[in-house]
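Here is the structure we will look at.
Letters are used for the chains, namely A, B, C and D, taken in the order the chains are written, and counting of residues starts over at 1 for each.
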Amino acid sequence: MAEHQQGSDGADGHAALPALSPLRQPLVTAPRTLAAITDDIVGPMNRRPTWKWGAAFAVAVSLLLIGVGNVTYEILTGIGTWGLNRTVGWAFDITNFVFWVGIGHAGTLISAILFLFRQKWRTSINRSAEAMTLFAVMCAGVFPLIHMGRPWLAYFVFPYPNTRGSLWVNFRSPLLWDVFAISTYFTVSAVFWYVGLIPDLATVRDRATGLKRRVFGWMSFGWTGSARVWSRYETLYMLLAGLATPLVLSVHTIVSMDFATSVIPGWHTTIFPPYFVAGAVFSGFAMVLTLMIVARKVMGFEHLITLRHLENMAKIIIVTGGIVGLAYGTEFFVAWYSGSAYERFTFINRATGPFAWAYWTMVSCNVISPQLLWFKRLRTSPAALFVLSLVINVGMWFERFVIIVTSLHRDFLPSSWGSYAPTRVEVCTMLGSFGLFFTLFLLFVRVLPAISIGEVKAVLGFARAAGAGHGAPAPARQEAAE
Amino acid sequence: MSKPKDPSAPAAPSLSSRRWWQTLDEVDGAPAACGDEFPDGPPLTIGMRAPATETRRDFFKLMGLSATAAMAACRRAPEQKILPFTTKPDELIPGVASWYATACGGCDAHCGLLVKTRDGRPIKVEGNPAHPVSRGAVCAVGQASLLGLYDGDRSRAPRLAGQTDSWTHVDEKVRAGLVAAREAGKAIRVVVPWGIGRTEQAALSRLAADYGDVEVVRFDTMGEREAMADAYQALTGTRLLPEFRLDDADVIVGVAADFLGTWLAPGPLARQYAAARDADVRGRMARHVQLESTLTITGAAADARHALSPSQIVPALAALVRALMDGATGPAVALARRALGVLPTSQTPSFVEALARELRAAGPRGVVLCGGDDRRAQTLAALANALLGNHETAAILATPAFTLPETTRATLHAELREGRVGALLFAGVNPLLSDPELAAALDRVPLTVSTADRLDETAVRCGIHAPEGHAMEAWLDHAPRTGVETMGQPTVAPLFDTRPRLASWLAWQEQGQGKGRGQDAFGFLQARWQREHLADAGLALQDHWDNIVREGYFVAAPADAQPIPLTADGERLAAWLAATPATPASALELVLHESVGLRDGTHANNGWLQELPDPITKLTWGNVAALAPSRARDLGLSDGDVVELATSAGKVRLPVLAQPGVAPNVVAVAVGHGRAAARAGAIAGGHGADAFPLASGQAAGARFAGVAVSLTATGTQQPLALSQTHGSQEGRELVREVALGQALAATGEALPGHGKARNGEATPAAPKERHGNGLWAEHPYPGHRWGLAVDLAKCTGCAACVVSCNAENNIPIVGELEVRRRREMHWLRIDRYYAGTADDPEVVHQPMMCQHCENAPCETVCPVLATVHSGEGLNQQIYNRCVGTRYCANNCPTKVRRFNWFDYPHGDPVQRMVLNPDVVVRSRGVMEKCSMCVQRIEEARAQANREARPLADGDIRTACQQSCPTQAITFGDLNDPASAASRLRESGRAYHILEELNVKSQIAYLARVKNRGEHG
Amino acid sequence: MSGMTRWLFVLLVTSLAAAGCRVGTQQGHAPEQPIAFSHALHAGLYELDCQYCHAGAERSRHAGVPSGSVCLNCHSRVKTDSPEIQRLTSLVSANQPVPWIKVHRLPDFAFFSHASHVSAGLACQGCHGPVEQMVRVAQQESMTMGWCLSCHRDLREAKPAAPLPLATLVAARLPEAAHLPTRQLQPPTDCSACHR
Amino acid sequence: MRRLMAVFEEADQVVEAARQARGAGYAIADAFVPFAVHGLDEAMGLRRSRLTWVCFVAALTGGTLAMSFQLWTSVSSWPLNVGGKPFASVPAFLPVTFELTVLTAALVSAATFFARSRLFPGKRAAPLPRVTDDRFVLVVETDAPAAEALMRQAGAVEVTAVAEGGA
C-alpha cells in the first residue's frame, strides 16, 4: 500500500504542483516518504566520507595548525610580531573579529527571523546556518583574546569579586559590552541550535546501534516524540527564536559601537549600528550561500536545498547589499555635511589616500558585484552564486579593514600619521581562523544531521497537501486516499 | 592625499590661517616605510627592565594559560632576601635620594648640574638653577650623559700596547716615555679639549715644569673654537674665545651658528636667548635673523632666515661689515677697511641693507654669532661686533685666559711631519675620528697616550690607553666664564678600573725629587682652591669649601670679564686674512655639521641620543644627505634613495632626505654617526655612515663647510627611521602663532582666533561642581588640579625635555628597526610642522605629551579600568591592571600612548643601574604614557606632609620642566589662581589643542610669537 | 569544546580560583631566618624602639633592616657566647651581610612608603601585627590591595588629626612646635598613589 | 485499565484520529510523532504551554539584576572617574543589561522546558518503533472495541492493546 501511495503521489505531485501554484517552486523535490527523507539526511552520516570531504578536511586542518602555530609564537613573543604601530593599534586582529561576527549573523537570523515570519523555505538550511553561526562566533571570539598584550590576564575583563578592594570592570567600555554580547550570543545560539537538534538526534539514535546508539541516546536527552513534549517544544523554540532575533541585531550593533563611541574621525558616526547589521546579514548570507552550494554538491542534498533556497538568499543579498551601498554613500555625505575638517579629510583620504585600493576593492565587491543578481539566470546558477558569494565575503572583509585602518592611520595630528602593513604572522593567523571554521563545519556535516529532519518532514507534509496550502490538510488526504 | 586647506585664506598673522604646503615625500604607504619585513621576535635593544618582574610575569602567564592556574595562584611567590649593609655609611639612607651639585661632562660648556643619586647610584641629571652661567639649563646631551656613565662599552682597565695592564705599569711606562722624550730633546704635545679647568691646567703646567718642551693643543672636532680663536688672535693678539651674553640683546644675528643646538654652549645660550625674547617680561623682544646653509633649530627659531651656501657666507658678512662701517668709530673701522680690502668682494645680498639697518639701530645691543671653521668669516663677525661697539658692553666678553704654553693643530701637524714630537698625549679627545692625516703621522711618535673613556679611534692607535672614566666619577673644576668656576665632584665611585684625567697628569709627574709629588687629585684640587679662592675668604676654610662643593660653583670678584680691545695691526691682519684659505664656490657644496644628539660623535654609543629624533629631520639612529627639496626633485631623488657623496678626500654612501630650508646648492650631512661598534660601542655600530672622510684634507681652514662634493645615485633604497613622516598641519589649528604686536597687546583677554584656555569654565580654578560644554555635571577637583602650560614662543625644539623624560620614567630604547616600524616609546615627543614654501620654510615645534584630558577618550574605552582619572585631574595609567587591548591608544586624539610591543630586554647589568626606582618598569603587552611625573608629585606631597606644610607652587617640577633650557614648560596647580601655570593659562596666547573635541586638556599651549621686525 | 568556549571555561576557572584563594596573599608567612633573632625579646621584653633598628622608617620608603654593625653595638659584649651571635659576628667580621629572608612582600608595581605612614603617626603594629610578641616574625595581615584601601577609605571618612612627625618637632625646637598647625590625615585613594 | 495504541502512517490520520477519539469521549494519553504535527495539539486538546510566562519573568529578573549590579559596582562599591563620565552612566549600562536579559530568559526557559518535560542528558528512553522516523502513534485511555474500530477507520495500520504504562 505504502509503495502504491508513494508511486501515485510521486507522479501527480510532480505534475500537479506547478499547475496548482505556478509561482511556487516545490520546497522539497524529494521522493515522498518520511523514511526516505530520514535516509537522505542520516544516510551520509553512516556512509564512509567521500574523497572530496577528506580532501577538504585535510586542507582545513592544516590551515588550523598553521594558525595555532603562529598564535602560539605571537603569544610567546609579543604583539610586536604583528605589523601594528603607535598609530595603527588595530588592524587584522579586529578586522577578522568583526568579519567573523558578521558571518555569524546570518545563521541565527535565518533560523530565528525566518522562523518567526513562518518562512518555510528556511527548513533545509537553518540547521547548518546555525552551526555556521556557532563556528563563526568561535573564530571571532579568538581574536579579541589573542589581540590582547597580555592574554594570560584576559580574565580581568570579567567582573569577579577580587582582593583589589573590589576593583570591578568598566561597564562604559564597548569592549566590555562585546564580552557580554559575544558570549551571550554564542550561548543563546548554541541553546537554540541544540534544542532544534534534539529530535533529530533521537531519530539518529533509533536507527543506530552499539556505541553510536549510546552516544546519541545520551545526547538526545531521552526524546520519545511525545506530542505533549512536542507542543511545549514548539513554544520553547518560538521563544528562543523570539529572543534570538533582537539578540542578533544587538550583537552587531554593539560591535559597531566599538567604533561608533570613539572620537576617531571615520569611526565616530551614528549610522554604524544599522550599517553594520546590514553588512553582517549581507556577509552572513553570502557565507551561507557558499557553504550550502558546496554542501548540496558534496553531501548530495540537491533535492533538499533547492535552487529556490539559493535564489531567495540571492534576493536577500541584493537588498542588504543595497543597504550597505547606501551606508557608504551616507558616510561621505555626512562627512561633508558635518563640516568637520577631520571627518572630511578622513573620507577623502579613504577614497584617494594610500589605502584607496582597499576602499575601491570594497566598493566594487559589495556594491557593484551584487547588482548582477538582478538577472534571474545568475540568481539560479549555483556556479555564479558561488563565485559572487566569495567576492562578497572578500568585499566585506575589506570593509572592516578600510574602516579600521584608514581611519586610524591618519587621524587628528598629522605628526602621528603612519601606515600599516601586515606581517606573515597576521596573515597566517587569519588563515588559521578559516581553518578552524571549516574544520568544525566539515566535522559537523559528518557527525550531525546537517538538515533538520523533523522540520523538513513537516514541510513535506505541506508540500504533499497539494494546493490546499497551510489550511486543513484533511480533504487532500481523502483525495489521495481514493 | 588631501589638498592644502583653503589657499585663498587671508594672510592673517596666525600660522593657522597661513597657507600650508603638502608634505614633501609622503613616506606613508611606501613599503620601505611601513616595514612589512617580518619582525623576528624582540628587536636588539637596550630597553630596560628590572630583574624582579620576570618571575612575576611568568607566574601570571602560567596562571592565565592553563586551568592548573587555580593551583598556581595559591602558591607562595618565590623567596626574596634582604641583604643589609654590614656597616651603613651615615649619610646614606636606603630609599632616600641625595643630590650632588657637579659639572656636566657632556661637552666643553660644562654646565652646572644637580645629580640625583639613590642608594649610591646616579639616576637623574638636573640643571643647577643657582649656577650663574647655565642657570639650570641642561641640554639633551647633558641629560643623556647619565646613561653614558652606565655605558658598558667603556674601557674597564688601562691598556699597554693593546693588552690590559695595571696602572702602576702604565704610569711607569708613561713617565719613562716622557723622560725619554725630554732626553732626546723631542717635543711633548698634549692635545686637550677646549675649556679645560684651572686645576687641570695647573696639573699640566706641572708636567711642563718636569719635562721641558711641553705644549698643549686645544682641539675641538669641528674646529669652530679654533677658527674663532685664530681670528681673535689676529685681531687682539691673544687666542681668546668671546663669551656671548644675549640676555640684553635686541638684534641677534646668527651666521652658520647653531647656538641653540650645538654651538659653543647651547644650554646657557638658549636660556639667555629665551630671556632676550621674552616679550611678556621685557616688554620687547630681541629680533633674531639667521644666515645658514642647512636648517637648524636655531634657524627654525629665527624671525627671519636666509639660506646661504658656505661660499656665500663670507661675501654676505663682508657686505654686512661694509654696511656697518658708516657711522661707526673706533679702531675697528680701520681694521675692517683693511680686511675688506683683501677679501674678494661680490654683489651685496638683498637682505644685508635691512639687516645692517636693524643692527645699527640696536648698536651695542646687536650681536653677531658666527659658527663654522672659516677664519675669514670669524674675523668679519668679530669686526662686525666691534663695529657695533658691543666689545665694550656686556654683549661680548673674553673667556678666561689660557695659562698653558699653546700651539695650534696646524703646527702640530708640521711638527709631526718633521718627526719632532717625542710624546703625544690625548686628554680624552678623539682627533683621529675626524683627522686621518694625524693618524698617518702617529706611528712615528715613540710615546702615544690616550685617556679616552673607551678604546676609540684615537686610543686604539696609541701605545698606551689610560681610560679616564666618566665626568661623574671625578673631581674636576671648570671655568665657564672669567670669575666663575664650576666645581665638579664625583657622584659615584668609578664603576670600572679607570682613573680621572687629573689623577693621571699628577701620576705622570717625574718622580723622586722635591715638592708636591704623589699628591692625589682631590688634594691637589683642594689645595689649588685654597690657594686661589679661599685664602682671602673670611670664613673658616672648611665651611667655605663645603659651601662651594654644596653649591657647585664659585663666583670670584670681579664677576665680569674684561672687554676685548682690538689691538691688531692692520697690515698683519690683512696679510693673515689673505693667507687664510677661502671657501670656494662650487656646483654642490658639502656642509658637515654636528647633530643635536650625537654632536661630534662622542655620544654615539648613547641609546637615548641615538633614538632621540633630530629636532628638524625627525631622524633617529643614523644620518642622511640632506638636500633642498627642489634640488632633490631636479636630481630625481626621493627620501631613502641611497647616493654616493664624493669629495677630493673620500666617498660616503648615504640615503637622501629632501630637507626644507637647505640652501639649493648644498648637501648637508651630520657627522658623528656610523662609528664602528669596536670603537664607539655596540649601540653605535651599524647606524648611519661616518661623514668625516668627506672633510677636506687640509690641516687648517674650512674643512667641514663648503667642500666641493659630487653626488651620484646608487639606485638602492634604505628606509629611514623617522619618528614623523608628515610635515604639514593640513590647515589644522594645532600650533598657533601671533605677531609680536598682538602678544604685547594681549594682557588677559583672548586674541582673535584664540580661545582662552579655560575649557569653557567660568573661572579656571573653581573647584566646585563645574558645567562645561558637556551634557553632565563635571567631576569636582576639590584639592589640587595639576596641569601644564607650554609656551611655544619659548620652545626651540632642542629635545632636552625628551631625554629628561626618558631618564626619569625608565623609557626603553627600542632600536632602529622598531623606530622604522613607528614604535618608539617616547612619552614626550616634539611635533615639527612646516609653513611657508619648501625651500624657505617656517618651522614650528610643539612638545606633545599626554594631555590628561578631563573627558579622556582613552579612559572610557578601557574594559578593565586600567586608565582612570585621579582626584587631582591626572589621567592615570595602571600598568599592572592593563591587559593591552590598545583601544585607549586608538582612541587617543593626540596619539601619545605607547605600547610595549615586546619585552624590551636589558642584558647589561651595568646599564640597569640607571633605572629610576620610583617608577615601575613596564612589562610586555601593557600601555604606557606620560604620568605628569606623578612620582615627583607624590614625593613632594609626602615631603610637605612630613614638614606639616601645604604644597607650594614650585615644590613640584616635572622632569621635562626642570631641565628645559628656555623654561618653556610650567607645571602647577590649576586650582591655585596664583600658581605660575594658572597665570600662564590666563594669558591671551593660551589655547588648548583640539579644544573642539571638548576633551578638556589639562595642558595649555601658549601661541608662538614672532618678531617680524620692520617688514613683519 | 573548542575555540571561544574553551577559553571562556579556562578563564572562568582561573578567575574564580583567583578570587577564591586570594592571589599572592602570603598571610601567615613566617620563614625561618638565618639568625634566630627574636622580636619578642628585643622589642617586647627589652622594649627597644622599632626605629632603633629600622632607622629608615620615618625618613624613607624602606624601613630598612639594621646593618650587622648595629647589632654589634650591644652584642660585641652582650651574650657573645651564643652560637647565633657568634655566627652574626663572624659574618660582620667577614664583611658579609646577613641574608635575612623577606617576610612582608609587596609586588614591585606597588609603591609603599614607610615614611608617609610612620610620620602620619600610625603604629607599626597596625600593619605588622604584634611584632613585639613574635619570636619569629610572621605576616599578620593579608596585605592585599583591598586591605590597604579599606584603611585608606576609612581614614578618609574619619579625617583624624595626625600628630606632627618627630622630625618636624625636633626641627621646630619643641617650644615653637606647640604653635605648629596639626594635620588632618587624608590618605589618597587614587591609583597613582601606589602605582606609578 | 488498559490502553489502545494505534499506529498511523500519515500525520493527517493521527490528527483526525485524535479529533474523533476525543469526539467519542475517549481520553487521549499521548501521541508519539516524528515531527511537530500541525494541529495535533488542538486535536488532543492540550493547553497552551505556560513557558512564555517563565521566560517573561526570567527576562525581568535578569535585566533588573544586570542593571543594579552595574550601578552598584560603578556608583557605590567603588566609584571611579572614568573619562569624566557620571558614576551612574545609565545609557552606557544598557547594552550589558540587554544582553543579560536575553541570556537569563533563554537559559531559564530552556532549563524549565527540560525540567518540565523530564528530559536530561543520558536519560534512558524506550521509544516506540519508528515514531522518530515515519510512524505516528496515538495512545488512548481505553480498550473498547469501538475505539479500536474508530482507529482502524481513521487509517491505523496497526492497533494493539498495551498494559498501563506501556508507553
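Just so it is clear, a contact is a pair of C-beta atoms (placed from the backbone, for glycine too) under 8 Å apart; a residue touches a chain by one contact, two chains touch by 3 or more.
For clarity, every value in this text was computed on a predicted model and none was experimentally measured.
**Student:** Between A-B and B-D, which chain pair is linked by the larger number of C-beta contacts?
**Tutor:** More contacting C-beta pairs are found at A-B.
**Student:** From the centre of subunit B, which chain's CA centre is farthest?
**Tutor:** Chain centre farthest from subunit B's centre: D.
**Student:** Quick check: how many Å separate the C-alpha centres of subunit A and subunit B?
**Tutor:** A distance of 59 Å separates the two centres.
**Student:** Could you work out how far the Cα centre of subunit C sits from that of subunit D, in whole Å?
**Tutor:** Averaging C-alpha atoms per chain gives centres 63 Å apart.
**Student:** Let me have the rounded angstrom distance from the C-alpha centre of subunit B over to the C-alpha centre of subunit D, please.
**Tutor:** Chain centres of subunit B and subunit D, defined by C-alpha means, are spaced 79 Å apart.
**Student:** What whole-Å value do you get for the distance between subunit B and subunit C if each is reduced to the mean of its CA atoms?
**Tutor:** Centre separation, subunit B to subunit C: 43 Å.
**Student:** Residues of subunit D that touch two or more other chains: which are they?
**Tutor:** 82-83, 85
**Student:** Would you mind listing the residues of subunit A that make contact with two or more other chains?
**Tutor:** 154-155, 165-170, 172, 176
**Student:** When you check subunit B against every other chain, which residues touch at least two of them?
**Tutor:** Within subunit B, the residues that touch at least two other chains are 63-65, 857, 860, 862, 865, 868, 870-871, 881.
**Student:** Based on which chains are in contact, what kind of graph results: line, ring, star, complete or other?
**Tutor:** Shape of the chain contacts: other, as it matches none of the listed patterns.
**Student:** Which part of subunit D faces subunit B closely enough to touch in the complex?
**Tutor:** 80-86
**Student:** Show me the residue ranges of subunit C that touch subunit B in the complex, using the header's touch definition.
**Tutor:** Within the complex, subunit C touches subunit B at residues 9-11, 13-14, 16-18, 20-21, 23-24, 26, 29, 31, 55-56, 59-62, 64-70, 91-92, 95-102, 105, 107-111, 113, 115-116, 119-120, 164-165, 167-168, 171, 180-183, 188-193, 195-196.
**Student:** Which stretch or stretches of subunit D touch subunit A in the complex?
**Tutor:** It is residues 9-13, 15-16, 30-41, 44, 46, 48-49, 51-52, 55, 69-70, 73-74, 77-78, 82-83, 85, 89, 92-93, 95-96, 98-100, 102-103, 105-107, 109-110, 113-114, 116-134, 155 of subunit D that touch subunit A.
**Student:** Please output the residues of subunit B touching subunit C within their complex, sorted ascending.
**Tutor:** So the residues of subunit B in touch with subunit C come to 50, 52-53, 56, 63-67, 69-71, 73-74, 76-77, 79-88, 93-96, 868, 870-872, 874, 876, 878-881, 918-920, 931, 934-935, 938, 942, 945-948.
**Student:** Please output the residues of subunit C touching subunit A within their complex, sorted ascending.
**Tutor:** 2-5, 7-8, 11-12, 14-16, 18-19, 22-23, 25, 142, 144-150
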